[in-house]
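The data blocks that follow each hold one structure.
Here come two complexes built around subunit A, the first alongside subunit B, the second alongside subunit C.
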Partner chain A sequence: MQNDVILEVHNLHITLDFDGEDIPVVQGIDFELSAGKVLALVGESGCGKSVTSQALLRLLPRELRITSGQINFQAADGQAPVDFVSLAKDGKKIREIRGNQIAMIFQEPMSSFSVLHTIGNQIGEVIRLHLKASKAEARALTVELLDKVGIPDPARAVDQYPYEFSGGMRQRGMIAKALACNPSVLIADEPTTALDVTIQAQVLELLRRLKADDGMSMIFITHDLGVVAQIADDVAIMYMGRIVEKGPVGEIFGNPQHPYTVSLLNAIPRLGDLSARRELASIRGSVPSLFERPPGCAFHPRCDSFMEKLCDAQPPPLTRLSPIHEVRCFLHQAAEKEAAL
Partner chain B sequence: MSKLLKITDIKVHFPIGKAGFFGRPAGYVRAVDGVSFEIQRGETLGLVGESGSGKTTLGRAVLRAIEPTGGQIVYEHDGTSVDIMALDRKGLRAMWRHMQMIFQDPYSSLNPRMTVRDVIGEPLIANKLAKGSALSDRVVDMAQRCGLDVEHLGRFPHAFSGGQRQRIAIARALILHPEFIVCDEAVSALDVSIQAQILNLLADLQVQLNLTYLFIAHDLAAVAYACDRVAVMYLGQIAEIAPTEKLYYTPKHPYTEALMSAIPEADPSRVMQPVFLTGERPSPTNPPDGCRFQTRCRYATDACRTSIPKLREHATGHWVACHHAEELTLKGALEHGVAARPAHLDSPTIQAGT
Partner chain C sequence: MIRFVINRFVYMVLTMAAVSVVAFVLIQLPPGDFADSYANKRQQAGAPITAEELDNMRHQLGIDRPWFVQYGKWVSNMVLEGDMGYSWEWRRPVTDLIGERLPLTLLLAFSTLILMYVVAIPIGIYSAVRQYSATDHIFSTVGYVGLATPNFLLALILMYLGQRWFGQSVGGLFSPEYQDAPWSWPRVVNLMEHLWVPVVVLGTAGTAYLIRTIRASTLDELDKMYVMAARAGGISPMRLLLKYPVRMALNPIVATLGWRLTYVISGAPIVGVVMSLPDTGPLFLHALLNQDMYLAGGMVLIYCAFTIIGTFISDLLLVLLDPRIRMEGQA
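Up next is the complex of A and B:
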């Protein structure tokens, strides 16, 4: 692993067991997360972004299985990297890392808190479990955490129940819980999708501050390109279980090269030209079901640049447009060949 | 443009905590508390606000799908003014042929046991407007207008994707040729590429069928794209209502400023600089004195704490409920960072190998 890379996913394949038949869900994805950076996995429903995020911590439900690949994690203690795929699914080793060195936050904060226990008890439990702290120490640390994520009057909030928190407060509470053990990586699965725009702005600001002040690395899963533009350093665009394009955020938004990325960016309503009321460029058709995966490049039935007997014959190989910008599309492979001649 | 609908001082109060059979309610949730506006024929009026602001309740109250506690609704139909509040059940049902609704969730709004043909045609049968081949012709015509494949009309809703289901829901809403449609978060549950398809479809149908929309949504970018004018709701009241560009670029209400400055623009070179709201939203059971927004407003003065600002016409067509609208200079959308719009985003073409 390279020096500042903290988490590295290599050729990861995940399949769905459907009545004994293996349906591919994630088909060989690669990405790296560098220390202190935010990597966004972006795509529409069914692209495999959430499944990938769950696989990172070996949290996949039973019917989903990692069939091959590596998930290498470089712990902060400087020891040799660990490959999560080689660990037992619910073994001691992965449980030590999960929630401790890598934490996760979800879209729906209500379902990640028990309704029967106070916020303080639930965050304190994580601290006592992982850090072997006493009850009093855990409580003091919890108040500190609640304060850090911007919950007003943390000394009072620590004794409140989740139902007493508003949506935005619960999301902050969940972030506080995730931060309890001072993890080096935070995996955030659509953390702002269910929030109102003003609360979303606050949560994004909080995550941005965690990155800037604490050097937190994040994997951010979302479908919202606006949020991506505001928080991410690097972006991987996913479509039907493959990363079709990857690069720094400025490069992906400023110089998109995969037809899918270009279409997505054209399909979002923008605020810059309200007077024009132009027609939005939509992508025809919809994402096919996992059971009807098109052969070759999975995007070809919806693509305006479709080339017969090429795009539908085999998956396009990875083309490196620059040291930082990768794309999987035959358009670019053809261009690369021409340049070589 | 002529007026289609005028609502005046609409209120929807839900009683809470009834004590005993004859007991009086312990209080009221003032979900909608005195809202007035007009909608012109052929326009799209957006209605935005955070969850709990009362926008969905208002959308339903306009059709009397939820019974308003008070207020007037006057609907212009065939050259006469119809007082919707005065209609009996039968009269209301007859008016509903002209006023329809499209909902957010295309998964729960379609009967799973009916074929798509029946789902779309049911309103015609229920209103005894068509049968036999006339029915079938109208269903096919509307399905085609909504971009559905006619060969698939015999299938059941579960066989369709989210975007296709929303097309089915739209076809069903439009089959009676209504004039006025309330779209309640109609594109919120859809993926980006599908959302664009449905927004374009709604825009096309509006022109083809001369429709008027009340477009309720929390996605401010989609609203900006879809609407001619936008109304902002806060705690059951209208804070501001203005033509879209005016509202987004030069808001006059501090709450609108907080909303607009918080829209994450899909452009990494524009760093968002939101105006953060402090405190929590007050309960609609017990709204604050004076201006409803004063507890979270950074510009609030003594006047705001004691006197209620009326919704007034600040400039032509630009209505605002704020005492200080004239003095404040507020941030609009896109006022974070300055960057020219990258040229490639204007053209959908791809330059291979550049």
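Up next is the complex of A and C:
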């Protein structure tokens, strides 16, 4: 692994067991997360972002399974990197990492807490587990955490139940739980999608402060490129289980090369058009189902630059436009060849 | 919370009052009365009674007065003196008759309840966690058979098997030598040896149903987001299972314990009759057949009381177990 890379995904494949039939969901993705950076994973709903993020901590539900690839993690203690794929699914090794060195927050703050236990109980559980803290210590730390994420009257909130919290407060609670053991990586799966626009901005601001003040590395998943510009350093654009374009935020926004990235960027609503923010409606057609994956480049039926017998024949190989900018599209393979001539 | 309990308690008393009226009216609904059925018996025995004797008897028993007068007397005696009336058939106070047999009915009902929960909870959870495993399939099949077998048939099968393999006289709750013996340790053991048969009969269908419910609700919970969120915190699979999905899935099942008590109590009479148990079942049946009004009314009232108390317990448990409902209760 490279020097400052702490999490590296290599050629990860995930399949869905559908009544005994193996349906590919994620088809060989690669990315790296460097210390202190935020990597955004972007794509329309259903492209495999959540599945990918869950796979990182080996949290996939029964019907989904990693078929090949590596997930290498470099712990802060300087020991040799661990490949999570080689670990037992709910074994001791991966459990010591979950919530401790890598934490995760989810899209649905409303359903991410158990309704029968207090917020304090559920956050304290992680603290007592990993930090071997006593009940009282865990409680004190929980109050501190709740305060840190901006929950008013944390000493009272710690004994409250999730239904007494608003959506925004619950997501703050989730973030508090994720921060409990000072993880080196935070995986955030659409942390603001389910929230109202103003609350969205507040939660995003909270995450941005975490990055700026604490140097937290994050994998930030979203379908909203507008959000990406505000928080991420690097972006990977996903389409039907593949990363089609990847690079630094400035490069991708300023010099998008994949037709899909271009359409996504065009779909960002202008300022003041907040109500349309959540939808990426203006791309022609819709994402095909997993069971009708188009051959070749999966985006070709919706692509304005579709080239017959090329795009629908085989998946485009990776083209490195620069050391930091990669794209999977035949347009660029052709351009590269021309340049070489 | 205290307000909630008081609230429910008042409802309970009101329901009880309403039920007593309905019970009384229902008991009187069938054509004829105790005097008629007595006359009938005398007729069959070849010693018919005269119309005058019949009227006399009616007057003595008080059944020639309007029903609300009879009801008023019945209820006031019951509330003021704990006297539930007199059984004409047995020529003994109803309280004595019921008092003798009710403990056995309760023993049967509670043993059944305990068996149901003790068996169903682990199996239900196991089947959910190992969904579609061989064990899951076996439990499912056995469960369906258990659900589909009528209680009386199961009773007959078990009695036959008991007799055949254990040489036991499994009808009743005691061997003949202990039938009327005073309570002693061997008599308790003897009771236990007999009790399992009606308990199994009474509990099988309910257990099978409980297993299905627990399996389904646990499966439901396992797929919920909060379970993955808890896993993402690093908790071990076993602790996770017990703390979150199982707790969640058991909530409605523990909370309906009271209703299930109702279910076994109301199922008990039939089993009691089929297996000729010395509990309240046969007593109730005969009281109904002979139009032994106060005994039948008292029995209906007792069964209903358990239903109502069961519901009360369920309501309380629900409130204790679920913080959301607890909150509403306070508000």
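Methods note: the second predicted complex is superposed on the first by the 331 of 341 C-alpha atoms of A that agree within 3 Å, B and C clash if a C-alpha of one lies under 4 Å from a C-alpha of the other, contacts with A are read in each partner's own complex, and residues count from 1 in each chain.
Everything below uses one rule, namely that a residue touches a chain if its C-beta (ideal position, glycine included) is under 8 Å from a C-beta of that chain, and two chains touch if they have at least 3 such contacts.
What you are looking at is a predicted structure, and each value in this text was computed from that prediction instead of being measured.
Student: First (subunit B), second (subunit C), both or neither: which does A:His10 touch?
Tutor: neither
Student: Name the contact category of A:Glu125: first (subunit B only), second (subunit C only), both, or neither.
Tutor: The answer is second: A:Glu125 touches subunit C but not subunit B.
Student: Using the superposition on chain A described above, determine whether A:Arg209 touches subunit B (first), subunit C (second), both, or neither.
Tutor: Neither: A:Arg209 stays clear of subunit B and subunit C.
Student: Which touches a greater number of subunit A residues, subunit B or subunit C?
Tutor: B
Student: Between subunit B (first) and subunit C (second), which does A:Ile268 come into contact with in this model arrangement: first, second, both, or neither?
Tutor: The answer is first: A:Ile268 touches subunit B but not subunit C.
Student: Using the superposition on chain A described above, determine whether A:Ser305 touches subunit B (first), subunit C (second), both, or neither.
Tutor: A:Ser305: touches subunit B, not subunit C.
Student: Once chain A of both complexes is superposed, is A:Thr198 in touch with subunit B (first), subunit C (second), both, or neither?
Tutor: First partner only.
Student: A:Ser286 contacts which: subunit B (first), subunit C (second), both, neither?
Tutor: Only subunit B; A:Ser286 stays clear of subunit C.
Student: Go through subunit A and flag every residue that touches subunit B in one model and subunit C in the other.
Tutor: Correct list for subunit A: none, the interfaces share no residue.
Student: For subunit A, which residues are in contact with subunit C within the complex?
Tutor: 54, 57, 59, 61, 90, 95-100, 103-104, 106, 108, 111-118, 122, 125-126, 129-130, 161, 163-164, 174, 177
Student: Which positions of subunit B touch subunit A when the two form their complex?
Tutor: 50-51, 161-164, 191-197, 199-200, 203, 218, 220-222, 224-226, 244-245, 248-249, 258-259, 261-272, 274, 276-277, 279-281, 333-334, 341-342, 344-345, 348, 350, 352-354
Student: Applying the document's contact rule, which stretches of subunit C touch subunit A when the two form their complex?
Tutor: Touch residues, subunit C against subunit A: 223-226, 228-237, 243-244, 247-248, 251, 321-324, 327.
Student: Residues of subunit A touching subunit B in their complex?
Tutor: By the definition above, subunit A touches subunit B via 44-45, 152, 166-167, 169, 196-202, 204-205, 223-230, 232, 249-250, 253-257, 259, 262-275, 277, 279-284, 286-287, 305, 331-332, 334-336, 338-339.
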